[in-house]
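In the part that follows, the structures are each spelled out as structure tokens.
Next come two complexes built around subunit A: one with subunit B, the other with subunit C.
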Partner chain A sequence: MKLFGSADAIIALILVVAMVLIGLINPAFWQLSNIFSLLKSNVVIGLMALGVLLVMISGGIDVSFTAFAVAGMYLVVRSMVALDYDGVILPFLAATLIGGLLGLMNAGIIHKFNMIPLIVTLGTASVVRGLVLGLVGTSNVNINQMPDALIAFGRTDILTLERANGTTFGLTAMIVIYIAVAVGIHLVLTRTMIGRSVYAYGADAEAAKRVGFNTGRTMIFVYCTAGALAGFAGLLHSSMIWLANPRDFVGLELDVIAAVVLGGASIFGGRGTVLGTVLGVFILVMIQNSLILMGIDTTWQRVVVGGMLIAAVAVTALRDRRAPV
Partner chain B sequence: MASPPLIELRGISKRFGGVRALDDVSMSIDRAEIRCLAGENGSGKSTLIKIVSGVYQPDAGEILIDGEPTGRLDPATSIAHGVQVIYQDLSLFPTLSVVENLFLNTYLREKRGTVDWRRGRKMAREVLERLDVELDLDANVETLPAAGRQIVAIARAVLAEARLIIMDEPTTALTGREVERMFRIVRDLQAQGIAVLFVSHKMREMLEISEALTVFRNGKKVEEGPISEFDERKITRAMTGRDLNTGHFEAPAIAAGTAPRLRLKGVSVGRQVRDVSLDVMPGEVVGLSGLIGAGRTSLVKAIFGLRRDVTGTMEIDGQPLAPASVSEAIDAGVAYVPEDRLSEGLFLNRSIRDNAISAAMDRYAPRLWLDGKRARSETETMFNDMQISAPGTEVPVSTLSGGNQQRVVIGRWLMTDAKLLMLNGPTVGVDVGSKEQIHSIIHGLTRDKGLAVIMISDDIPELAANCNRVLTMADGRLTGELSGDALTEDALDAALAGATRKETA
Partner chain C sequence: MSQTNTAETAGGSFKGSLLRAGGHTNVQLGVICLLILVVMTALRPQMFLSSYNFESMAFFMPELGILSVAMMIAMLTGGIDLSIVGVANLAGITAGTVFGYVAGEAGAGSLGVAPVILGVGVGLLVGVLAGLLNGLLISGLKITPILATLGTGQVFIGLCLVLTGGPAIVGFPSAWNWLGNGKIAAIPVPLVLFVVLCVALSLLLSRTSFGLRLKMIGTNPKAAVYTGIERGRMIIWSYMLTGGLAAMAGILLSARTNAAKSDYGASYLLQAVLIAVLGGTNPAGGKGNVLGVALAVISLTLLSSGFQMMRVSNHLIDFVWGAFLIAVIAINSFRGRKAR
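Right, the complex of A and B next:
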């Protein structure tokens, strides 16, 4: 096993070139405080992207994870407020579980009825968002109501530095969680049969069945993990911004999918790596961040993200154009 | 006492609905035997494969392995007994490496949770050594040529401790030299005690590799024996139940003064066709022979309105023809069946009816709505005329065999009231019996409807047996014409060879 596949090397190269270019245009890019804030912005998108990576390797696509993230986050925070509970571990477990169960629903529908993942996840996303707003509530949980433990957890830094003017900035500890999850998924994907079954399913679902993979289990693994990661990332997001908004994450699907495609995963399935995805997320976040630094209006960022998605899909589609069989 | 055969089938029957796919079939395969199972599409070959591999359960009969009845055979037990099937599509994982394609099966069988890449690599290297082939272990399977993929599939079967490897149409995608290499591998397998069952309808290859032959027809075993008892003619007769027509086609006599269906005068198309003049009378089947690049396809495309760069005059039934589009050509009574019916000719997942009416939509949907009754009744007529074998006109075309698909393509054009039918490689990928039926249908149409046919083919016997005259083309020009008694396979061969010599001179 090569740790650093050629596709990943190309993405890393693109990243380096982009960093140099951005640094030339705006030397402030290289300031440590900017790099730290960049890394911080990677965490939530990155965790979601790892889930989407699994789905895309299996040949599917998931647009429901942002809804699941909202469900995990808002349900848990509202319960914590209602019960006046002030802890960290249990809420995160609950959010992860909520996401995972919702993912199980995706897996069940997709596998049982052999349906197109895009349509299924569009449907479940809408249902889940609607249920959250209809049954749980529509109001934001603001910083003054947010459980203190969550806020404290979200602002944990592993490294604090002082600027010349005496103010401090830090590197969020959440990056450790992100890296740990990424390494974990990488190991599962490359070293376990369930991980290889995801690639096999994405390469040729019928052949995967024929050689004896339990493809139902593969689907459950893929969509539950994607859901669980989304639920977890949702709550983490809320603890990092000290706000739980039931209408959050609208449109974030596009950013996450763009990042995964940018990271070399194939929309046709069977291809994709954790390293590539982590790099793809970094490129996307960095470019968005730089657009802000350059003072470009946020609405134009949507144009850039959409353009990057189309460009990345076009490039990978050219690469993956199947040889005639 | 001789050891029992590796696998023995006794009185196997299988029905699907009203269709009897296999009818009381018995056969056996010995250890290290190379046997070929031949039969046309729909003769029960695939059903037999699926029964031996445990995908289907037979309605009657029993299967013995090493002389012991197996009882109910499911895919897992079949594999445990050493039966491996290599399907035509190979069932490989294109985006995964050769190594992984090889070891995944084994790890699955061992019910492993984790992947030991080092051991997998070792297994892969050993099995490829055993087959005496070299492959880049880290290459993705999709980057390999067809022959390489085939080898991966064989190696995977060997790794699964196969004792019998069933190969379904294994040589379809291979070139001559690759076929030779595969045969060498198959003989190596035999030397290692592995039996191979080829399932094929390619005669030359059967005769070359197999030791024994079993022929199926309509779900029954009709012939069986050592290969030395067979020749091509006997196999064909066994597969189709009749001798193939090697006669001649005579065009009906035409009253003097009849206008030709098609008249070309000094037609040139781009640089591919130069100054071609010809007449095709009603009822004629005119062959167009020549090497690839001789301009045959450009010429028929020009007549069908697919080329803009046409000079000279074209006439259909005396009316000038200068089609600016395909629909104008169709309106004038021209029909064209392209070489690649799958990508150019058919909507595979639509029904026979939808495909049938697609060439003449104006006729069935004159205004906004489809005249369903007319579409149905005319499709039924075509369905019967073309002798399509399918459960009905509503089944998707993708479920039909190659021969039946070709009938849909041809039949569809006849529903446009075509006066001139141009066929490009009409029977490529169609099996022997179906081929002949298609020819006889075409002949019937020329007789009954006064249709004129232009047939492009690289299959010299096909041209010699089915055309009343054959034109040879080289380098964009007509170079000769053979008809009547002068039209023989040898004469055509010679004419083509002559054209080649002239080109190279």
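Right, the complex of A and C next:
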């Protein structure tokens, strides 16, 4: 079956084993409400991870997307409050656009100055966060000020079930958006010229240039998409938690990068699949959320995430050494 | 480049070789320092030139300076160390935990000099071991430095949380606090330590085969291996040195603030990268010198102190740091293009 490459199959296997183990330790894991809430936690990290996947396939790394997510979310929500505007489509377009434009800045600097993406994105992240917090404001937009349409949008469910005691729980409709974006990126990466150029650039930038790819356009596509997805995910996050906090997402970049690496993408570029990333995100979110279910103290959470990242990169490093690209 | 320069000036004065190691970048940085000094003085003459201002800068600059030098050493081999802030906090917290055990009910404030020396030893050991872990992951398992240190940094911060349970450890022995707040003949102790470290490291990098081999690994890894350099072992040593330096910075930080917490100094990471790059370090490896980094940290400390005096918000200062980093990248890129 073409859908599962060998690497993706291994990740899926790890996922299944982990699910069985967690389920054995605490059967509450398998309750439908827990699974639904897990899926809900996947959406925002997953959307950001799809952007980071593109960057990693192109051989780069991005630590600025969380700052872009904050910019998209906070600028849009604040202007909605200021203009007393209530709507859904226009705000999400605006947040996506803000993220995309900021991504364009990354692409421009990285391509024009031929500079290491990590250092550039460290810089742009600091610039964007500094401007948002310094010029726009540092206070939260709370639930009583949040635009009603955004809240209503964020709490839409596609499936509502009733517990034995009469309370209800549902599966968020945002999961549909996540799946649609994942399928879209998968198709672009595998079926279009620009998608193939990302792999080519990541495997060997010089070779890609000589074959005739317009590498500047590839970089713009990669970083703009990553930024746009981050901006979109940022606003989606605030509409799902009914709060816009300009200090949000600090440190989330590590979780997202860990998830993408866990999903089999190589930091040297040229390798990585959407399916692997989606599975990687699910594994990361599941293990983070299940620590309490497994009776592990939450202070261990960062040790566990860091350890998982190291284990995942060690495995990918061994794989890359065995089969040099 | 810098190796041949240093070799040629082996007989010359130490100061001369220091200056030449960085070439005209250091002269530029010196000019920038003076320029910032003049502009800030012109804008806020009463406040900026006060001895109080210089003294407070001399107390908090060394932490950042040592972290930046640590970052520079990791960059010499073409790597990067994103775990330095985690290592620094872990060193301070481990030392604080040790003091807690030693002092028991009496409280750590009552401890004498001997336990403090033990604490410094433990802190530095933690740093060197953390560096050893980084080095083993990078040279043994061949993990990219970015990802390896991103992961270990997370583990170190996680261990800080596990050790403290979240809140800060407060109340260190007075001899420990002397390291961060004391003075030797009117000169702040952290500054003395920083200068001693800088001189020692700059001798290590420019006058020993260790330093030369480190730079060669960064310049051309393959050629370095062919000349018989044990690349793996050198990389492990360099990350151990980086880890030890980061721990030193953590010790100074906890000594100055009399507290240690898992998320102290989080903004230092970006600043250390920026200062290392600004100081003429090439993130791709092979180029970097201590004097350049020291000049860069001085100029940025002057700049941020001046901004604070003009009541610019801390967030906008973050913006300036980021913009500065990008500007430096752009200038270096244009200069590199012209040189070609």
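We adopt the following convention: the second predicted complex is superposed on the first by the 318 of 325 C-alpha atoms of A that agree within 3 Å, B and C clash if a C-alpha of one lies under 4 Å from a C-alpha of the other, contacts with A are read in each partner's own complex, and residues count from 1 in each chain.
Simple rule for what comes next: a residue touches a chain if its C-beta (ideal position, glycine included) is under 8 Å from a C-beta of that chain, and two chains touch if they have at least 3 such contacts.
All values derive from a computational prediction rather than experimental measurement.
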Quiz item: Thinking of the overlay built on chain A, is A:309 touched by subunit B (first), by subunit C (second), by both, or by neither?
Solution: second
Quiz item: Does the superposition put A:130 against subunit B (first), subunit C (second), both, or neither?
Solution: second
Exercise. Pick one for A:70: touches subunit B only (first), subunit C only (second), both, or neither.
Key: neither
Quiz item: So, A:116: does it touch subunit B (first), subunit C (second), both, or neither?
Solution: second
Quiz item: Can A:196 be said to touch subunit B (first), subunit C (second), both, or neither?
Solution: first
Quiz item: Taking the superposition as given, does A:219 touch the first partner, subunit B, the second, subunit C, both, or neither?
Solution: neither
Quiz item: Can A:11 be said to touch subunit B (first), subunit C (second), both, or neither?
Solution: neither
Practice problem: Quick one: classify A:61 as touching subunit B (first), subunit C (second), both or neither. | Solution: second
Quiz item: Touching A:299, do we find subunit B (first), subunit C (second), both, or neither?
Solution: second
Quiz item: Is it subunit B or subunit C that touches the larger share of residues in subunit A?
Solution: C
Quiz prompt | Contacting residues of subunit A [partner subunit C, same complex] | solution = 61, 109, 112-116, 118-120, 122-135, 138, 254, 257-258, 261, 267-268, 297, 299-307, 309-310, 313-314, 317-318, 321
Quiz prompt | Residues of subunit A defined as touching subunit B within the complex | solution = 1-2, 190-196, 199-200, 202-204, 206-208, 210-213, 266, 269-271, 320, 322-323, 325
Quiz item: Can you list the subunit C residues touching subunit A in their complex?
Solution: 80, 137, 141-144, 146-148, 150-159, 161-162, 165-166, 270, 273-274, 277, 283-284, 313-323, 325-326, 329-330, 332-333
Quiz prompt | Residues of subunit B that touch subunit A when the two form their complex | solution = 75-76, 79, 87, 89, 91-96, 100, 104-105, 107-109, 112-115, 117, 138, 142-143, 146, 173
